[in-house]
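Presented sequentially are two complexes of subunit A, the first with subunit B as partner and the second with subunit C.
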Partner chain A sequence: MIPVTSVKTLPEAYALLQARPPGLRVLAGGTDLMVAINARVGLDRIGHVLDIWNVRELRGIALQDNFLRIGALTTYTEIIHSTLVNTQLPALAAVSREVGAWAIQNRGTLGGNVCNASPAGDTLPLLLAADARFLLGGPRGERTVVAEEFFLAYRKTALGADELLLRVDFPLPDAARLAYRKVGTRRAQSISKTLIAVRATPGLREVRIAAGCVAPIPLRCRRAEQAAMSGGDVRAALQLDISPINDIRSTIEYRRLVSANVLLQLLKNMGTPYSLPGRP
Partner chain B sequence: MRLELRINGSVRSLEVEPLKRLLDVLREDLILTGTKEGCGEGECGACAVLLDGQLVNSCLVAVCQAAGASVVTIEGLSSSALTPLQRSFVECGGAQCGICTPGMIVAGQCFLDSGAAATDEAVREAIAGNLCRCTGYTKIVESIQHAARETR
Partner chain C sequence: MKPTITGQPLARIDGHAKVTGAARYSAEVQISGVAYGVLVTSACARGRILAIETNDAEREPGVLAVITPKNALRLPDTKVPENDRVVQVLQDDRIVYSNQPVALVVAETLEGAMHAALLVKVHEEKEPATVRLDDEIKNAFEPEPQSASGKKSADQVRGDPARGLREAAMRIDETYQTPYETHNPLEPHATTAVWNGPDRLTVYDATQGVFGVRKKLAKMFALPTGNVRVLTKFVGGGFGCKGTPWSHVILAALAAKQVGRPVKLVLTRPQMFGMVGGRPLTRQRLSVGANKQGKLTALRHESVSTTSRFDDFLEPAASVSRHSYACENMATSHRLVRLDIATPTYMRAPGEATGGFALESAIDELAHALKMDPLALRLASYAETDPTEDKPFSSKSLRKCYAEGARRFGWAWNKRSPARADGMLVGVGMATSSYPAYFSKAEALARMLPDGTALVTSGAVDLGGGTYTVMSQVAADAIGLPMDRVRFDLGDSEMPEAPRSGGSQTAASCASAVLLAGRALRDKLVRMAVADAGSPLLGARPDEVLIENGRMTANGRTDSFADVVKRAGGAPVEERARAGPDEARKKWSLHSFGAQFVEVLVDPDLGHVRVKRLVGVFAGGRILNARLARSQLMGGMVWGIGMALHEETVYDEKIGRIMTRDLADYHVPAHADVQVIEPYFIEEEDVHVDPAGVKGIGEIGITGTAAAIANAVFNATGKRVRSLPITPDKLL
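This part shows the complex of A and B:
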């Protein structure tokens, strides 16, 4: 039997993190971890579970110093219904509505999506494009890591073994607009085949582009960004950024073609000279 | 661990493994077998229940996370007669084999309680996490819309 410690406050959580029982795993909404536990995947590596679901301090959405601050335990449902998110960062509310379906949105958390660090995590390209910062905390103190430096390799992150993700902070630059498009098999309850997010200022002076499902990590696409800012060939540049694979959800060819089309469509929708070529 | 659950209005004290799925506690410890298991991985909604009033898939909830919370299962939606939504499923042919039905009805009740207009689009979004292998969904959507007309 795997022991569980359910905590209500950060100091209680930090006390357990400091003791470092072997195989410690954090449990938030459980929509990723319980799936793995039910399937008995990696069960032998779980020695102790730290249940943080009831840590109030880790919930909530606030606007402060031109940052939108979202607690790690904030659920998709809370994000979808937040007036602040809908006015300040509507793309995040929209993508949350596309995660799973109601029952998943009621339990799944933003922090769980980040720490699970799947290349198919739907919010992650948006966090990269939005230049989000992650506040991490543990018995040794707190530190901030920018999204781009958090995802290190396939499902490997900068989170220390004795750290929790506490909060995600989104800068809100006046002129920039964040847009994304998810491509999945159906509208609800489907893991993406590709997902592209773009944050751009008018005239494409500053552009950040990120993609999901097309590399081992959620990927910032720097070549595509450079191309977009210089009016270059975005399609070709994106192909150099991404390295998709064949899997049960899609193929290399499909992901390359559709990722580029979606990127061009997003840039077009932002009122730029980019457009989608007609069908061949 | 020892914990208390408020199940369908009455408090029950249980000795359970903390990571046992709420689904298994309902079916095995409490003999509330109305809640079904379809996939065991959050995809199908057959195990849907209300946890503190929110729709959740009980196969993804570790019972320790439900300690002290209130759980409503299909058995608890009504104490005697069928609810208007259940009657609608009967009248409109919303159930065939019945495996998805408890989850559909719990999700459908959530939708009705939300007060949202029962457009096709809205109803389909509300039950998007519930899979049905029999009906083709149309009659389920009609059942929920029928109940919405009857009760509002």
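This part shows the complex of A and C:
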């Protein structure tokens, strides 16, 4: 049996993190962790579970200093219903609607998506494109890491063994708009084959592009960005950024071709007002 | 008497119980003192169990037993009944497929058993294995005639197909493939076994047929059939995978005997991939020839499908070509290939779903090659009589289905290049649907109680389609009572025997028995009344007695069923009846038919197919309840969308293991994938098919759908996808 410690406050959580029991794992909504446990994936590496679900300080959405600040434990449902998100960063509300189904949206958290660090995590390309910053905290204090420096290798992150993700901060530059498109095999409840996110200013003067499911990590696509800003061959540039694989959800060829198709669509539509991207 | 209740679109009478949770499914049966079983399954696809470490599991509190091939009770008989599936029940150390039961943990609680099951360590010795059709196709063999193909021989030839192909003005010769699929009913397989003494067994099982479960348990435990009782009151979908009892059913009974406690065993979703069957992979070659007018000159349909190393299941995919089109020169054949997989089984419209995809795609290819409207081509070879058996159809309204479907859909054949709308490619397609009308021996008992209500029973199963409701409707009409004074009960092997709910035969078989039993009861009550000195009807002629709402009237005088029973002493008055196919039925070819029309949108950037509108018109004899029948057809058509676009059981070919082992990876259509579905009926009066005039509509809805969608995708994109499912990567 694996011991579980449920905490209500950050100091309680930090106390356990400081003690560093072997095999400590954080539990938020559990929609990734419990699935893995059920499938016995990495079960033998779990020695102790720190349940942070009831830490209220980690919930909530606020607008401050031109940053949209979202607590790590904020659920997709909360994001979907947040007026702030819908007005300031509608793409994040839209992608939350495409994560799993209601049950998952009620329980799954933004922080869980980030810390799970799956290349197929649907919010992650948006966080990269939006230049989000992650506030990490632990018994040794707090620090900020930009999204791009957080994802290190396949499911490896910059999060220390004694740290929690506390909050995700999105800068809100005036002119830029964030858009994305998720491609799955069916119209709902489907794990992505590819997901492309773009943040751009009018006339594509400043462009940030990120992609999911096409590399071991959620990927910022710098070559494609350069091409988009300089009027170059975006399609060819993207192919140099990404390195997709064959798996049960898709093929290399499909991911390469469709990622480029979607990126071109998104860039083309950047001039038009934001709307929920048409789903297949 | 003319039926007045039968056919009415009544809501399910068990609907309230289902939505409130009052309806108990097999996994929810409450038995005092029950212990919980959890299976441990094999990793490799073929090999031997070297050792199983059970110490850690056995030490956990509440664990009653860890049953392995080493310590499992020996079954008196390991052979299964004829036409039943071979099971793996811990009697030897062989591993014959991945995810096979190798141990069973029994504990006081479900959680305890699940945890202990994680602690069981199985050491396997792997042997070379393959799940790839290509590796073994050289060993394809001709299967014995078996029940799946209606005991018909694997091969049939008529005329001279080679000549017919030579002389054709246009020929199509293509190979089509349908993948492994898994049924995935919402309700998991679940069995609770209770021994009442050393030789009496009661089993609550999620099954499509209580009598089949009884027979298998009685045989394997060497018990008199009458000592085994099997119950199933509600089933949350079967689609074929609950048609025969699998390993876990026997293991629940074995475990209950071994630990001396009732045992409940519920499969997890991943355990439902393999152990309880699935649709086999088929590879089908179609060679079709036609003259310039589109009349078929030759039709050859050769099917290869997969089965396990230890049991033969045949997917009769080529059978559909035997009955579909008028053609002088025809050949059909079936071959089986053994692989290191679990035995496949019947899955919604076995044969017709898979074979119909190949045949109806090939017909569309031929029409395209001839630049003909595919509907016109089908009409050019319309079979007025069964082309293989040279028999008349008992009834066939396919022509009407085509016409009505074309009208409702707005079918206007367009040879021009594909259309575009809003950046999407638009295409239309159609296909023929068909499914045999099966009818098996069934019995029912009708009983009039002194309060004037009737209880009618037959040991059928309600898979969720509405058997409780339609049988009550038929019984009410047959006896002459309103719905609320009839109760129909089912799902108990102590009741009169009914066939298993498979092959769309329950409505036909059971309704015929209920009809005959109900009428016999009504007639008996009339005879009792006219001979009863206490009855106002004394002396009336039975044939002048009119019956309505439980009252009998003749010459202005009335009596009631309730009073007849009371005057006769108050004991229920009952009649039993049996229905079943007779010699006369063999003179006919018996099938349901239909036509499906579909409009698809294809995203040229993503390769996604959206089924925008699906119209199906079906003729399946008498419709007992239009509302429930519509649901059945709609469900079948949704399955057809899944078959066309999503469903595939994917193996890791290196280790022979299914990778898509849950509903996140095994895709069925989500609500958002299903747009407009319009099922319609053509009502038929068929006096030859069975006394109830019913052909069955549980399966026909899925037949033809995948082909219609593939044909529409071709119309939209110019790409012909011959291997299901039509995933986006196949279109880019």
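Remarks
Quick note on the criterion: the second predicted complex is superposed on the first by the 271 of 280 C-alpha atoms of A that agree within 3 Å, B and C clash if a C-alpha of one lies under 4 Å from a C-alpha of the other, contacts with A are read in each partner's own complex, and residues count from 1 in each chain.
Just so we're on the same page, contacts are C-beta pairs under 8 Å (C-beta built on N, C-alpha and C of every residue); 3 or more make two chains touch, one makes a residue touch a chain.
From a predicted model like this one, the values you see are computed outputs, not experimental measurements.
With the C-alpha superposition on subunit A as described, subunit C and subunit B clash in the combined arrangement. Once the two complexes are overlaid on the shared chain, A:V4 sits against subunit B while remaining clear of subunit C. Applying the stated contact rule after C-alpha superposition, one finds that A:L58 touches neither subunit B nor subunit C. Of the two partner chains placed by superposition, only subunit C is touched by A:L257; subunit B is not. Of the two partner chains placed by the overlay, subunit B and subunit C both lie in contact with A:Q189. By the touch criterion stated above, A:V49 is placed in contact with subunit B alone, subunit C being left untouched. In the superposed model, A:M34 makes contact with subunit B only, not with subunit C.
In the superposition on chain A, A:R107 makes contact with subunit B only, not with subunit C. After superposing the two complexes on chain A, the stretch of subunit C that clashes with subunit B is 8-16, out of 8-16, 62-70 or 512-520. Looking at subunit A, you'll find residues 1, 187-189 touch subunit B in one structure and subunit C in the other. Those residues of subunit A that touch subunit C in the shared complex are 1, 40, 43, 183, 185-191, 193, 248, 250-251, 253-254, 257-258, 261-262, 265, 279-280. Subunit B contributes residues 1, 17-19, 21, 40-43, 45, 48, 54-57, 59-62, 64-65, 67, 107, 110, 125-126, 128-130 to its touches with subunit A in the complex.
By the touch rule above, subunit C contacts subunit A in their complex via residues 115, 118, 603, 605-608, 610, 645-646, 650, 659-660, 664-665, 667, 669-673, 727-729, 732. Taken together, the subunit A residues at the contact with subunit B in this complex read 1-4, 6, 27, 30-31, 34-35, 37-39, 49, 51, 53, 77, 100-104, 106-107, 187-189.
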